Amino acid sequence: MIAAYPLTTLATLAIVLLTFIFSFRAGKSRASSGVSAPAMAGDDTFERATRVHMNTLEQMVLFVPVLWIFAMLVSDLFAGIAAVVWLVGRVMYSQAYMTDPSKRTAGFMLGILALLITFVWSIVMVVMGMMAG
Amino acid sequence: MIAAYPLTTLATLAIVLLTFIFSFRAGKSRASSGVSAPAMAGDDTFERATRVHMNTLEQMVLFVPVLWIFAMLVSDLFAGIAAVVWLVGRVMYSQAYMTDPSKRTAGFMLGILALLITFVWSIVMVVMGMMAG
Amino acid sequence: MIAAYPLTTLATLAIVLLTFIFSFRAGKSRASSGVSAPAMAGDDTFERATRVHMNTLEQMVLFVPVLWIFAMLVSDLFAGIAAVVWLVGRVMYSQAYMTDPSKRTAGFMLGILALLITFVWSIVMVVMGMMAG
């Protein structure tokens, strides 16, 4: 079944990889900052890296199911494009957050845009499908 | 494939939407409370909104995969009903948490009930399927 | 569709169950420690139990989609084996973290190993599939 969705499959793996990289950076920041587990605060760089990771995790948990629903109801190609927009947004978000948290909005909104477009389009497709029978 | 599961698809989108609304509220509480990123504490309303969001995220990550397994092994209709119970529980949980965190148990348990019923029923179906074939 | 993947289905349910058990323990630690919601810090056992839960959640959100991609591209049996490795790693991680957080690395790395092997193998399969077709 998955063979019909190569771009969505690759996109999912890329989303997992980016989130993994963010978690890895947060782990490294913990080590270099000297904040011992289980503490989650006490060093600004560690806290920023942790927030980028957690916020990306929060977003991917919403985006991945919607992306697959969208791929199946619309197309693998459009899902791949939406995922690229999402990934670019997340990289921008991360870069901004690490240098100046107040500038993180643009990247955040790009990810939300990818989520909302795939979400609304999917809802329309499901409802049209149910009405058609 | 997804066309055979319209209610589970709609339910998944509704779960994503509710979690998104909770994350949006947490973000707004951060702005109105004046707690600057990356700090996660310092204002009671912001902390409650954050906890509702995070707890819902924690639960949806468990519930969504189980819901789809259940839909495929049992039925789309029953999965839709379980999701409605879950969603009602989460809205109750949120309302209670924002007004008085000590009253959040009833809504929490409703969500857990939906999770446990779909979980146990799915296990039974998988094991019966393996024994039959 | 899911009937073709009984081991991956059972593995997913086991991953959900383990994460649920960790969340349950964190909730119980909150109660016995006397840390009132929405506070997330103030008692070492509660903080450790919370970190084990959250870290497992962070890992399962990456592992479950990769596991299903892997099962569909490689085999249900190998996905089941990878999931057992992941689960053992997570139990080791939990045991170590609760007694001495500095010893949590071995269990953590076992989970990461299961993730990386299924991840890389899946990438190879998708790319080979795209080149072939």
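Which chain is which? They are A, B and C, in the order written, and residues in each are numbered from 1.
One rule holds in what follows: a residue touches a chain if its C-beta (ideal position, glycine included) is under 8 Å from a C-beta of that chain, and two chains touch if they have at least 3 such contacts.
Note that the coordinates shown come from a computational prediction; the quantities given were computed from them, not determined experimentally.
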item	value
Same-residue or different-residue interface between subunit A and subunit B, half as cut-off	different
Turn needed to bring subunit A onto subunit C - CA fit, degrees, nearest 5	120
Averaged-CA centre spacing for the pair subunit B and subunit A, given as whole angstrom	19
Multi-chain contact sites of subunit A, meaning residues that touch two or more partners	1, 40-41, 61
Complex contacts: residues of subunit A adjacent to subunit B	1, 40-41, 44, 47-48, 50-51, 58, 61-62, 65-66, 69, 72-73, 97, 101-102, 104, 115, 119, 122-123, 126, 129-130
Residue numbers on subunit A that touch subunit C, as the complex places them	1-3, 6, 9-10, 12-13, 16-17, 19-20, 23, 36-41, 53, 57, 60-61, 64
